[in-house]
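Input: structures, listed below.
Heads up, the next two complexes both have chain A, just with different partners, chain B and then chain C.
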Partner chain A sequence: MDIFAQAYQWVNLKYLLEGLWVTVEVSVISILFSFIIGAIFGLLRYMKIKYLSMIVGFIVDIIRNLPLLLIIFFTYFGLPNVIGVRFNTLWATIIAMTVFESAMLAEIIRSGIMAVDSGQMEAARSNGLTYWQTMYHIILPQAVKKMIPPIVSQFISLVKDTSLATIIVLPELMFHAQVIYGQNTNFMIPMFLALAVLYFIVCYLLSVLAKFLDRRLSKA
Partner chain B sequence: MSMIEFNNVEKYYGKFHALKNINLKIDQGEVVTIIGPSGSGKSTLLRCINGLETVTSGQLLINGYDLADKKTDMNKTRKNVGMVFQHFNLYANKTVMQNITLGPQVVLKQSKAQSEEEAHKLLELVGLNEKANSFPDQLSGGQQQRIAIARSLAMKPKALLFDEPTSALDPEMIGDVLNVMKTVAEQGMTMVVVTHEMGFAQEVGDRIVFMADGSILEDHSDVAGFFKQPNDERARVFLSKVIKHM
Partner chain C sequence: MFDIFANYGGQLWSGFGYTLLSSLYALIGSLVVGTIFALFEISPNKVLRVIGHIYVEIFRNIPLLVIAMIFYIVVPQYIAKIDGFTAGTIGLTIYTSAFIAETVRAGIEGVPVGQMEAARSNGMSYGQSMIHIIMPQAIKIVVPPLGNQFINLVKNSSVLAFLAGFDLMYQGNVIASTTFRTTDTYFAVGLLYLIITLPMSYGMRYLEKKWSAERSED
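Right after this comes the complex of A and B.
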């Protein structure tokens, strides 16, 4: 037990929380960006606009099938060579996560819209509504309800996947834990335990938030 | 001027020839039933009338406006022609009341109060006033279809299209829906009804059209006469099959 007390002394906890803060920062910014871009790409692909939807679909499919780690390497190590711009580890991670998660969300959002019965669109159009009025009043509200669970799972993966950036030495939660037990291997188990608890709390809060949103939407 | 007028209309789905040289005039207040075997193009014909499908060539005039003409505002035309579907297609995320009032509010810019007042009259007409606050999945098929009719009527359309409105219903629900349709017909609505309900066709229909293979083979004002003695061989075979099942 002494080991745990030592491992969880305030300097270490503070250091872990600093890591957690970076994890949350990267996650929140990536979630915001990828949600907006994913929604636009998902809609564009759904709408079957000549060429545009095909190109969007092609890009989305390629990105979805790449390992996230490869994209992180590319934005951090590759981009400086390609376009001569170097991002710090924080932004390299955010950009990589946004690219990857946008593609994942685009597909979730497109399938969510497609899962709405096509009869709904036909009924609304023959009821006199325009395409966008139908989208707004009928299709999207139904699609969003279907999308919430997969989107939440995706965001939970996103939070956990930020730990990949430990490899490019982003000072996030996982990396800080490694630094601590790197100095004293006895701290390894306490640190693993702390990591498990902290990731759990963040991800659990996300799913609670989602349930709350879901209930709000059901009432609307 | 006819309410609905097909002049030499052809419709292709890719290479597939779905409507062949359709000529059909439907006047205001007429109730026309369309029968024919599966795949003969009945739904396609209806869907062209309210612009869910576009015709490949020929002229399709609704109230004098040519649907093939790019200048014709499709949304305006749809406003005037309502459609009732086989599977009801009520808006799943809206209550019965909202299903009926959405079109009037969004398209006709009616106030909430006015649209709801009129919706109550329509609910009265279809006999479902107590269901105003239910969601579609809380209703039986027959009830959903009656709401779907009320929803179409709320737009005050000049014509109503019905695509096999009773085919998805349990037998004991069919009568209620047909009764509502009969009431609507008696109020002078122009109706085009694709149906297998031969009783309805005879009792309510002013005219009967038989389709096969994308063509109109028979078009009669004497509905009872047609049932007794169809001219076309295929109509005869079709009727003998349908009547056996009745």
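Right after this comes the complex of A and C.
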């Protein structure tokens, strides 16, 4: 038990919380970016615009089917050779997460819209609404209900996946824990316990939010 | 990119093999473990339900990397020596099984309650109704999302690169750091991942379309 008291002294806890802050920061920024890009790509793919939708669909399918870790490596080590600019670890992570999560979200958003019965669109159009009016007033409100639970679980994955950025030495939660038990291997178990608890709290809160939204939306 | 294949093809394909192998072990393992915990979660026994629920919530909400690292560095220190490949595969199995448990549970609950009641009132036992009536219907609901879990599993197996698991990502990094040709190497690695994941992804989309059409015809 002594070990636990030593491992959880304030200096270490503060260091862990600083890591958690970076994790949250990266997650929130990536969630915002990827939601916007994902929504645009999802809609573009759904709308079946000649060539454009096909190209978007192709890109989305390729990215969705690659490991995020590969995309992180590529953004940090490969991309500078192509575009000549090197990102710091924070922005490399945010860019990689945004690229990957946008593709995942685009697919969720597209299939959410597709899940709305096509009769709805036909009925609204034949009642004189324009395509965009129908989209905005009829289709999207129904689609959003179906999308919210998978979108929130995707956000939970995103938070967990930020831990992969330890490999490019992003100073997030996982990396800070490794630094601490690297200095004293006796702190290994307390640190992994702390990691499990901290990630669990963040992700579990998100999943409670998802359930809450799901219940409210299905009542409405 | 093609000369990376020409010069380091052996290394890449060996990584490809380890990625496939780890994914296959974890797939079988997580399917078994996940189904057991799904049955726990819907069991009439309250203790089992709580155990199932706790297992799923814990492992769904902790990063795979944390679980895998526990097996890679904590377990060898205190319990038993295991190599990176094994540690990673165990981590993958546990992590994925939590998601599979949720998918299977949702599938079983997607079968109307009347089916179970009808089977039971026709004299079948709980186990018999589960095997002959509920499961066959649940499978069609469950297979497309399970397929997506397996695609995630293959992608997630790249976590073995952290653990010296000799998988595709690991070999890719070795080649990238010896040749300094990062862009070409990562393209080659990406191509090999897509060979596994893209056909699965399109296959699942096809099944999903086919079976949901069948269901709405009924």
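Following the convention adopted for this analysis, the second predicted complex is superposed on the first by the 207 of 220 C-alpha atoms of A that agree within 3 Å, B and C clash if a C-alpha of one lies under 4 Å from a C-alpha of the other, contacts with A are read in each partner's own complex, and residues count from 1 in each chain.
Simple rule for what comes next: contacts are C-beta pairs under 8 Å (C-beta built on N, C-alpha and C of every residue); 3 or more make two chains touch, one makes a residue touch a chain.
Keep in mind it's a predicted model, so treat the numbers as computed, not measured.
Q: Kindly say whether there is room for both chain B and chain C on chain A in the superposition, answering fit or clash.
A: In the superposition, chain B and chain C stay clear of each other.
Q: More chain A residues touched by chain B or by chain C?
A: C
Q: Going by the contact rule set out at the top, does A:G119 touch chain B (first), chain C (second), both, or neither?
A: In the superposition, A:G119 contacts chain B only.
Q: Does chain B (first) or chain C (second) touch A:G128, or do both, or does neither?
A: first
Q: Is A:P141 touching the first partner chain B, the second partner chain C, both, or neither of them?
A: Only chain B; A:P141 stays clear of chain C.
Q: Just chain B (first), just chain C (second), both, or neither: which does A:I49 touch?
A: neither
Q: Quick check on the superposed pair: does A:L13 touch chain B, chain C, both, or neither? Answer first, second, both or neither.
A: Neither: A:L13 stays clear of chain B and chain C.
Q: So, does A:F200 touch the first partner chain B, the second partner chain C, both, or neither?
A: The answer is second: A:F200 touches chain C but not chain B.
Q: Could you read off the angle at the CA centre of chain A, spanning the centres of chain B and chain C, to the nearest 10°?
A: 90
Q: How far apart, in Å, are the nearest Cα atoms of chain B and chain C after the overlay?
A: It is 13 Å, taken between the nearest C-alpha atoms.
Q: Chain A residues touched by both chain B and chain C?
A: Dual-contact residues (chain A): none.
Q: Within the complex, which stretch of chain A touches chain C?
A: 61-62, 64-70, 73-74, 77-79, 81-82, 156, 160-161, 163-164, 166-167, 174, 185, 188-189, 192, 195-196, 199-200, 203-204, 207
Q: Give every residue of chain C touching chain A within the complex, in rising order.
A: 57-58, 60-66, 69-70, 73-74, 77-78, 151, 155-159, 161-162, 169, 172-173, 176, 182-183, 185-186, 189-190, 193-194, 197-198, 201
Q: Name, in rising order, each residue of chain A that touches chain B in their complex.
A: Contacts found on chain A: 117, 119-120, 122-130, 133, 137-138, 141-142, 145.
Q: Which residues of chain B touch chain A once you look at their complex with the stated criterion?
A: 50-52, 75, 78-79, 81-83, 85, 87, 89-94, 102-103, 106-108, 148, 151-152, 155, 161
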